[in-house]
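Shared chain: chain A. Partners: chain B in the first complex, chain C in the second.
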Partner chain A sequence: MTEYVIETEQLSKSYKDKAALRGLDLRVPTGSIFGFLGRNGAGKTTTIKTLMGLLHADSGSARVFGLPASDANSAVAIRRRIGFVTEDKELYPYMTVEEIIRFTRAFFPAWRDDLERRYVEMFDLPLKRRITELSKGMRSKLMLLLAICRGADLLILDEPTDGLDPAAIEDVLRELVSIAATNGTTMFFSSHQLSEVDLVADHIGIIDRGKMVATGSLDDIKARYQHLRVVLDDARQAPVRWGDGVESARQEGRVVTLLVSRNAEAIAAQAQELPGAVVERYPVTLKEIFLEHVRSN
Partner chain B sequence: MLFRVNASSGVPLYLQLMEQVKHAVETGALRESDQLPTIRKVAEDLVMNPNTVVRAYRELEHEGVLELRHGAGAFIKGASESRARLIRKAQTAMDATIERALQMGLSEDELQRIFASGMAKADERRGAAAGTERRR
Partner chain C sequence: MLWYKGWLETRYRLLFCIGWATVFLALVHPAHTTPMPLGAKGSVFSVVMLSCPMVVLVGCAMLGGSGVVTQPTLQAAKGLHGSTLYTLSLPVSRVRLLAVRASVGWLEIIGLVSLLCVSLWVLAPALRTVATPLQVVKYAATIIACGSMLYGVSVLLATFLDDQWRTWGAMGIGVGLWWLCGYAKVPEATNIFRAMREGSPLMAHAMPWGAMGFSVAMGVALVIAAAKVVQAREY
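Up next is the complex of A and B:
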């Protein structure tokens, strides 16, 4: 087993004149639940399609299970080992739920009948209904069932909880967590719901304008980022330049709030040296980290 | 479920979980040789990443709060209960003292020297006490 299930290097892709990916470096550790974050149009779906071999990058490389995603033969081998839920939730519209389950099952020898029964019941899927007649939420659940039951080593989920109500979101996330705990399946999922990423992911990557702007273990990132609140004796004392690692500095009267992405110790020490200054530290939420990165660029 | 985490607090979840296990030990909700819920159970109940639960349990094992028995699960460790509490109590007292000394304007070096000489004196006292013991 390689260390990274997914590994891209300097991946670039343009549509006509518009650059979707601009040198993306992405590494998804084996066995992780990786939250892939970015605004609409940041390049998330392009990345996912490239990983599945559905799109070809202009330059750079993408490897899944150590195999090149751009090669037609290995793309087939890759797709056999992954389960995916895509954003557009494309399914064969003329089939019924029951038919598409039977149809998909035929391609995967490791199909999990036990999980199939469980999800049909849990998601309350109407077996006889046509796919065209399903709600958005039902389609998501059906795709999830098809992705999970094939016994994949890697699940690629593009907005898996999109269109689901809060109770269904809870169901889906709990199932994902349970599968990860039981089988050690790697999950790569994109989402706009930072609170769910915060709970379920152990690694994250924030993509902005086709580039990775922050990535790593969520615990490490949270430990590195800090808010420092510096209360000055005199509002004019604030240094013009703070040390390396300050992402943003905001001053209101005698209070300066710093968002620090590294070197928190050194920066706190720098602030402490100002005569009469009081320095306090606060944890930073994933939401704050995310907004800082996608706004500042 | 004994535990609860808050994803929007910004505090890493494994740390929150560790704190809560320790708190449960302190309040007696978990006692010596009690079994902790399995990793899968915690992950499912709290809808959180199983690796995060693993990390919390491992760190707690490292701190001597619990014991991971292969294939059987995680159990609260006996002596560690009071030991962990003692260490934390001493830590809190020490932190307060350090903070006060720093506010008085002492430098880190000065503090280190005070600590070293204090430890030396305590050693002497203990040595003397042991001597008295022996003479009796």
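Up next is the complex of A and C:
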């Protein structure tokens, strides 16, 4: 088994004169739940489409299961091991729920009948109903069923919880974690819901303007970032320049809040040296890390 | 299952084509033949010579498809349908998607033309007096072979046009070719509409092998070109 299920190196892709990916380096460890984050138009869907062999990269390489995604024959072998949930959750309008399940099952010998029965019941899917008659939430659930039951080694999920109510989101996230834990399935999912990613992902990648701006284990990234809250005796005591590693500094009266990405100890010591300063440390949320990266980029 | 998907995509279109063919069948029915100016035999021939090329032309425009872009069941739709991405996520090559979908449409056209010719034979006593069953079979084979070029055009257009534009585009090209074959000096071996009408086995009592071969070769070349487009295209 390769160390990384997905590996891209200097992946670039442009649409006419607009660059969507600019030398993207992405590594998704085998067995991980990888949250792929980025603003609208950052290049998330372009990356996913390139990995699925739907788009041809201008330069660089993309490998899935060690196979080149750009090669037509490899792409078929790759797709045999992938479950995919598309962003728009569109399925064939002329099929019923039962028909699309039967249709999809035929392509995947490792189809999980047990999971199919479980999700039909859990998601309350109306088997005889046409897909055009389903709400977006129901289509999302159906797509998740169709992706998960493939018995895939890798699930690529583009906004998987889009259109779901909070209770259904909870159910879906719990199922995804359970599948990853019991089957060792790798999950690569993009989402705008940072709270969801924070809840289930063990690795993240933040893409902005076609480049990876932060990637790694979520715990490592969170450990690296800290908030330092410095309460000063006098507001005028705040230094003009903080030490190396301060990503942002915000002052409100006597209170200075620092977002630190490295050298936290040295910066805390620098703050402590200020007369009468009290320094407190706070953990950083994923949202703060994300916003810091996309704003500074 | 790709065959099943192709069938679901085309079944109502096929029904529409059968309905279109029924209009011609109603015209050759004995109850309708007498008022025609050329008499029973002449009117039957004129209806047959008009109906078969028109049905194959409409059939090619309606039933062609590339198998990649999802087609609605009947009404032509504009825009890339989102479920195209679902199709492309299946472990199937694009060439196979195209081959299966093109085959489904082609088999339906063969069925449609066969049904039309058998129905003409059964419903038009006047046709039975002037043509043998073998001649009708040869005529059906001529129509199918000469229609393959029109079908190839429809399949090729399906690889890069919205379904709406593909349908009207294939129809427009077909009508244009028909006009060209009637009014321009097109060599007999490439005149597929002449081969389906006055050069057909029913009228000329000989198979138009040249035009049939030309049409089949063009149809194959167009489908190969469609496969190349599908492989190269981004979705």
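Operating definition for what follows: the second predicted complex is superposed on the first by the 294 of 297 C-alpha atoms of A that agree within 3 Å, B and C clash if a C-alpha of one lies under 4 Å from a C-alpha of the other, contacts with A are read in each partner's own complex, and residues count from 1 in each chain.
As a convention for this text, contacts are C-beta pairs under 8 Å (C-beta built on N, C-alpha and C of every residue); 3 or more make two chains touch, one makes a residue touch a chain.
Note that this is a predicted model, so its numbers are computed, not measured.
In the three-chain model built by superposing on chain A, chain B and chain C fit together without any clash. When the two structures are aligned on the shared chain, A:76 is found in touch with chain C, with no touch to chain B.
By the touch criterion defined above, A:19 lies against neither chain B nor chain C after alignment on the C-alpha atoms of chain A. In the superposed model, A:103 makes contact with chain C only, not with chain B. Shared-chain residue A:95: touches chain C; no touch with chain B.
Using the contact criterion defined above for the overlaid structures, shared-chain residue A:202 touches chain B, although it does not reach chain C.
For the three-chain arrangement built by superposition, the Cα-centre angle with chain A at its corner and chain B and chain C at its ends equals 150°, in steps of 10.
Applying the stated contact rule after C-alpha superposition, one finds that A:255 touches neither chain B nor chain C.
Once chain A of one complex is fitted onto chain A of the other, the partner contacts of A:274 are absent, as it touches neither chain B nor chain C. Touch criterion met: A:49 reaches chain C, while chain B stays clear of it.
For the pair chain B and chain C, the least inter-chain C-alpha distance in the overlaid model is 26 Å.
No residue of chain A lies in contact with both chain B in one complex and chain C in the other. On the chain B side of its complex with chain A, the touching residues are 5, 7-14, 39-40, 43-44, 46-52, 55. Of all residues in chain A, only 31-33, 170, 173-174, 177-178, 180-182, 195, 198-202, 218-219, 222-223, 282-288 touch chain B in the complex they form.
On chain C, the positions that touch chain A within their shared complex are 1, 4-5, 8-9, 70, 72-73, 81-83, 85-86, 88-94, 231, 234-235.
The residues of chain A lying in touch with chain C in their complex are 49, 52-56, 72-73, 76-77, 79-80, 82, 84, 86, 88-95, 99, 102-104, 106-108.
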